[in-house]
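Letters A, B, C and D name the chains as they come in the text, with residue numbers starting at 1 for each one.
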Amino acid sequence: MKDKKELCGVFGAFGVPDAGHVTCVGLYALQHRGEESSGIVTSDGQNLSSKLGMGLVSKVFTEEALKDLTGNIAVGHVRYSTTGASISYNVQPFVASTGKGHIAIAHNGNIVNAIELHDELVRDGAIFQTSMDTEILSHLFARSRKRDRIEALVEAIGNLRGAYSFAILMKDCLIAARDPNGFRPLCIGRLGDGHVVASETSAFDLTEAEYVREVEPGEVIVISSSGAQSLKPFRETDPSYCIFEYIYFAKPDSRIYGHSVYQTRKALGRALAEEQPCDADIVTPMPDSGTYAALGYCEQSGLPFEMAVIRNHYIGRTFIQPSSDRRKRNVRLKLNPVRDVVEGKKIVIIEDSIVRGTTSNARVKTLRETGAREVHMRVSCPPHKFPCFYGIDFPSKEELIASRFSVDEIADFVGLDSLGYLSYEKMLEAMPIPGEDFCTACFSGDYPVPVDPNTSKCALEKGCPREQT
Amino acid sequence: MKDKKELCGVFGAFGVPDAGHVTCVGLYALQHRGEESSGIVTSDGQNLSSKLGMGLVSKVFTEEALKDLTGNIAVGHVRYSTTGASISYNVQPFVASTGKGHIAIAHNGNIVNAIELHDELVRDGAIFQTSMDTEILSHLFARSRKRDRIEALVEAIGNLRGAYSFAILMKDCLIAARDPNGFRPLCIGRLGDGHVVASETSAFDLTEAEYVREVEPGEVIVISSSGAQSLKPFRETDPSYCIFEYIYFAKPDSRIYGHSVYQTRKALGRALAEEQPCDADIVTPMPDSGTYAALGYCEQSGLPFEMAVIRNHYIGRTFIQPSSDRRKRNVRLKLNPVRDVVEGKKIVIIEDSIVRGTTSNARVKTLRETGAREVHMRVSCPPHKFPCFYGIDFPSKEELIASRFSVDEIADFVGLDSLGYLSYEKMLEAMPIPGEDFCTACFSGDYPVPVDPNTSKCALEKGCPREQT
Amino acid sequence: MKDKKELCGVFGAFGVPDAGHVTCVGLYALQHRGEESSGIVTSDGQNLSSKLGMGLVSKVFTEEALKDLTGNIAVGHVRYSTTGASISYNVQPFVASTGKGHIAIAHNGNIVNAIELHDELVRDGAIFQTSMDTEILSHLFARSRKRDRIEALVEAIGNLRGAYSFAILMKDCLIAARDPNGFRPLCIGRLGDGHVVASETSAFDLTEAEYVREVEPGEVIVISSSGAQSLKPFRETDPSYCIFEYIYFAKPDSRIYGHSVYQTRKALGRALAEEQPCDADIVTPMPDSGTYAALGYCEQSGLPFEMAVIRNHYIGRTFIQPSSDRRKRNVRLKLNPVRDVVEGKKIVIIEDSIVRGTTSNARVKTLRETGAREVHMRVSCPPHKFPCFYGIDFPSKEELIASRFSVDEIADFVGLDSLGYLSYEKMLEAMPIPGEDFCTACFSGDYPVPVDPNTSKCALEKGCPREQT
Amino acid sequence: MKDKKELCGVFGAFGVPDAGHVTCVGLYALQHRGEESSGIVTSDGQNLSSKLGMGLVSKVFTEEALKDLTGNIAVGHVRYSTTGASISYNVQPFVASTGKGHIAIAHNGNIVNAIELHDELVRDGAIFQTSMDTEILSHLFARSRKRDRIEALVEAIGNLRGAYSFAILMKDCLIAARDPNGFRPLCIGRLGDGHVVASETSAFDLTEAEYVREVEPGEVIVISSSGAQSLKPFRETDPSYCIFEYIYFAKPDSRIYGHSVYQTRKALGRALAEEQPCDADIVTPMPDSGTYAALGYCEQSGLPFEMAVIRNHYIGRTFIQPSSDRRKRNVRLKLNPVRDVVEGKKIVIIEDSIVRGTTSNARVKTLRETGAREVHMRVSCPPHKFPCFYGIDFPSKEELIASRFSVDEIADFVGLDSLGYLSYEKMLEAMPIPGEDFCTACFSGDYPVPVDPNTSKCALEKGCPREQT
């Protein structure tokens, strides 16, 4: 389900030989968090080197490009753009040259008071180069009256409201910082004598680093040649971890908030089987998103697990875009049902969400065309009814099918014989940490940090001249 | 397991509006049969248009490129090169301008008397442009004394020995031809009022075509404005279908030789569980190749199925190539074990083959590093001991681990607690068609069409000037 | 002679349909003033569009690129970088998004108090994105307390010392500004109902615009929908026009400072013939720079004019760079002597300058190898002894051959039978405007605006992170 | 005047270290003979390497590309295509793999019996890969029954009628061959211990080779490790050197047919001044083609020489193509008149030809707009009335303005005050070799080798499938 996009993944390394290459591998493990652009900035202690570009890590970071990223300090970033257009100047990490030295910022999250801060800075003569809320932090840092760089940075971060997990590079140090609510994941590990930070632990696996712990909500960790120092400069608050990371975003081989994503999804699947059983011949995921919940569903229900739909891995971003009459053909380009598995069967599809409902509708149609007798769907979380302001780019409320329609109406729209969602309470029960520690705003509309709905995530973009790519 | 490569996939269309685009979609479904180069030639009844290029279908066929491929007749091809170097002049379909008109040939297979035919033609003044055995057919066709184009083509094909499934375009017709042994699959379908041919049926699913039947061994089908005509011009022989298409090559959502690839693999998995049980906590495939046999193994054994190793889909062909000290890190780049699934468990991996053993060794090592208590492996076919001369590019006999070592030695080399192969007899039993209809040369060394081992598949390449790309 | 580089050419248009295309043509006429990068920013009255890139105008501005440059206001820029490396973020026009709206600045010249202003701004929290002195103006503008945009801009410009000819775009107006000394040329013309500004008049010829007059030293012209308004906001001073524009830089088909470049060069050639006669058989320029002085020299001396050396126009910037043993061959790649003209002849070469002397030495050697009996040289200006701080990128004083050697020593080094320079006084006499109106610092060392030699033009570059391209 | 295009330039080297690089430099000197594509094939005595591409030498032959062109034997080629489209498979040298070994052919000229030979070969089973008449030679060679390679090649060449200057590479030798009429130039030189051949001597200057002599009409020179051997295998005939090489095509710094191109053009200019005087204030060439005739015209007439029109060297092939209303602007893009030279003057332009007359008309118009009082034109050869079948791609007879209109009518069309052509007799008188040794078909219609006007140069192209680039 690609209707929902997260804004970023971040990675940082300090005291790691060939830090640029290590960061490249780390970003590759985080690619699912942002496919639109990739960037790495390194420091050799004195000078910074950078390589930023539109596209996947494997496209931007050729062997050639990596050769120039010298030094053993690095930060990297992968990103989804929040707009349709590919805007090359919005690639991160954001690098700024300030009176306090260079700073390179990699950011995952969304600053909810960005417009307010931006307007104030601009009124005061600041010149913005991008439409990223991330740039605000660089101006706050540059203008801070604190003489000490770290104090200035902490002061600057203190002005931000909302969701942020930062990996920040200065010429001789690496800083990891996470907002007091801890909306987005961020963890710290060790690699040899050095340190690494990453949005998810699978980045540690691939870089052969060892997981140490989560960066705590509200914590700022400063890593320099004198070691890692933990600061807790902000007022403490209750955590509100994004629950959707567990359900959909994070990689199944990652741990986040201290627990396994894979096992959490299986637990959701088992809970779903208890709450929403189905009289079906076979259970199938829509690859790859519902696979782990489907395994849990089978485990609990005893129904057979099949890969009734085969994913084609060769699909490229630039693949021939269909004109209207080719639309249908393209549904199968990515996922093709297996006739000999589907024909004559009652099938239950396990999904992790229904956003707009249009893609599900098309998929169900191809299953019926391939001979399925009945098609049911069970969803491993409650209906999505509210937009996210903390770093996930859901469609607007109007486009979220569950915000306008009942479950029965959705079943009709998607073309299902039956549809069942996991309940809110059952979802929280299945989680490995207490339910009150989560942000569940997209299900409940209960926003832990106040937001002004007019303060859209794209609002800054009005300010930027259109650049051709 | 990427140690074995097939040479090609072919697709053809006649009487199909926008045949170039349809062929592009068809090739996309066949991409697993050849990732190195892609090509399409179309005809509008009078003039040919072509687009050939190195790389995946999604790279070569931009919307722009497709626009110029006009007409409702087309043939297309995807290819692995048999050499390390990417040689751009060896892209198919091979187009020749002859006194009998233009001909475009897409070929899957391997001609075993290629050197002999080539040398004879060259002695007679023929000029070769490529090192592909496919080009031989064009010379035989051009030089035939038969006045009728189809008669000339049949005469030319009659000189070939070995494995071939052809899709051939002339300006106003499409010809499908399969060698008398039927080594490689080839099937025919209908799309609207027109016809399509393809190596596998999943190409029909994606193009919304309807499967009609296999092209029979030794059959030549000529499709023109006067309909489809079946010829049987060659001496009949017993079929010898490639058994490895079922085990590994073909896509699980395809039917070949008239039966489901997916279900055949599950049957192999069930047979494997019967013959080679394992005292394990969980069963896991190495994605994606062993997945379907693993499902069968679980079905039969009752052991739980887990996706203990997560595949990263973002890997590109050009991804940073590791220098020696980065080698190990790169094993995880593609497949990363899930710690919370693996830790403390007895695991049995289901594989479809062990070729060199080196990749398996690296994968087993990462599983142990991730905490697996025991690692076993069960393989859904017998050991590979002999090279293929009919279109699969296995490593040489010396590199095939099973041709030099016993099962116990292989288990040792790979680092397994135990290893078991499906027996030859049990494999044939699990097949949906009689065992004697298969070519099993790679297991048995019994070659249905005589081959001279010195007639290597690359021998023609000596003749070609090196071209830079 | 490519040893000396000017920093820029600027062009602007207001009220001109298809202003982006017109500016592209204008830049093309100014390409000799900067071959390294090209950029255009347009406005449709509300939104800005921009296209900047490394390379020649003809490379950066494809038909595709021009299509997106909508609106009838535009500024454009061509540039030499002052460093060897191609630094893509230093392409102009420099665009900034400020609290007073967008501003796009195209600059020709050099700000001599750039370091001082830069350091002050940075101390005050300004973030610099480039190493161009041009960016300083944008910060001064953004921080001005004046509410009116034009007043703020004038205040900002008032802080700059040195050489500048600006073409500046805001969303609804175009501003042309020239420093009080008028170091660099800048002229204004009309095109239909609109206005254009350009560094040289040949840009008016190519855009079919009509020359109106020079922008006066110290003048700021604001062109908006209410017409063109002339401001004289700065303290008046005596002009000091760059004399080297006449001698070498400007295009021969341009007028600058109100007079013909072509005719001025011919006048220098005539003066040179009077002052420095030569007993030669033929006169030849080194194409293309000395051509016009050579015509004047012949006119005065009566000696025959020959094109004894043929220029090859196909040379590209990226042409095969010679390793040491290929060096000599490459001298002829660009300029090849004509044996049948040169053989046995006494030749006098007319040059516009000798900077390092190494290129001249190589050229003279090929003439002798081709059979010249004697090779003399006459230079249409005095020896270059001093660096320029007002926008020309001469080699350093140490590299200027005339700052270290006598005329006789230079003749020896270059390998000439005789060498003569035009005298300082005679040069001024040949000029179409009074001698005291020129900056002649490169000959005399007399700098009209005080400079600190430590304030090198490249000093800002230390501040910027290295970016790969 | 770019209305006429020659088909090619050829270069060859034997026994020359780094022959690929030397050939690259040689081709660069011959670039004016073909700007559309460039190619080099080298041999190290055993294996061939090749690099062919669309575009200028400086684009195709990067340092990278040259590195792979190993060996000390080479042939190279530059080419104009005869069709509008850029057809990448028509790039030379043409390489073929035959039973007699590899052969690489670089060809300048046009085979007038190409269609006849082609059809015969095709009937006999030959497969053509390109639409170049050059390919015919490779088939004749491959099919020759002569066992000796050189005998086979000579036999093959003997079948050709028309114009050809060949540089041919086999793995261990270089062959230079020129048709019995000697239509196109070809000369031989020495470089160190090796040999070089080239279309023009300026290629020798740039490669530091020493000119030895012309390859004689009808001569075949075989250069191998046993030295250079001259064959005269064909029936002798009177020479018919292309006179237009002297007038327009060859580079001024070259010698062809044993004499200086530069001096021949000056002689034509002097003859023109005698025969076609003009009451003008100044003489100007249209750069660069008429420059040398203009120098001769001034020498004879005593009128002053001015560069009244300045050529812009930055124009690229891909520069923004004008839509109708931008057409006029683009005339000046390439050549801009100098107002201060032109204004109020009576001007005589010296041209080397008027082909269609449309370009001249546009140029004359801009001169009048720039203030010229009178504009006259004198042309240094007679009117062009007949097409060329020996290697120059003139427009068709219908498009040649002189084939349809009188001199007065042409003057009217072009917009001149007066127009004068050099007479046929006077032209021949001014030549450095006897008039009867020239082919003057384009002036006289007298074709030395019979041609069938239906046998167009493009006729072969019908046979080739359209390939996208």
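Remarks
Just so we're on the same page, a residue touches a chain if its C-beta (ideal position, glycine included) is under 8 Å from a C-beta of that chain, and two chains touch if they have at least 3 such contacts.
All of these numbers come straight from a predicted model, not from anything done at the bench.
Taking the definition of touch as given, a chain qualifies here only if it contacts chain A and chain B alike; none does.
Relative to the C-alpha centre of chain C, the farthest chain centre belongs to B. Put simply, the C-alpha centre of chain C and that of chain D have 37 angstrom between them. Note: centroid distance chain B to chain D, computed from Cα atoms, is 50 Å. For the pair chain A and chain D, the distance between mean C-alpha positions equals 62 Å.
Touching two or more other chains at once is no residue of chain D.
A list of each chain pair in contact follows: A-B, A-C, B-D, C-D.
Against chain C, in their complex, chain D makes its touches with residues 21, 24-25, 28-29, 31-32, 35, 56-59, 61-63, 66, 202, 205-208, 251-253, 255, 260, 262-263, 288, 291-292, 295, 299, 304-307, 310, 312-316, 318-321, 326, 328-329, 332-333, 336-341, 370. Against chain C, in their complex, chain A makes its touches with residues 41, 47-51, 65, 68, 95-99, 102, 104, 122-129, 138-139, 142-144, 463-468.
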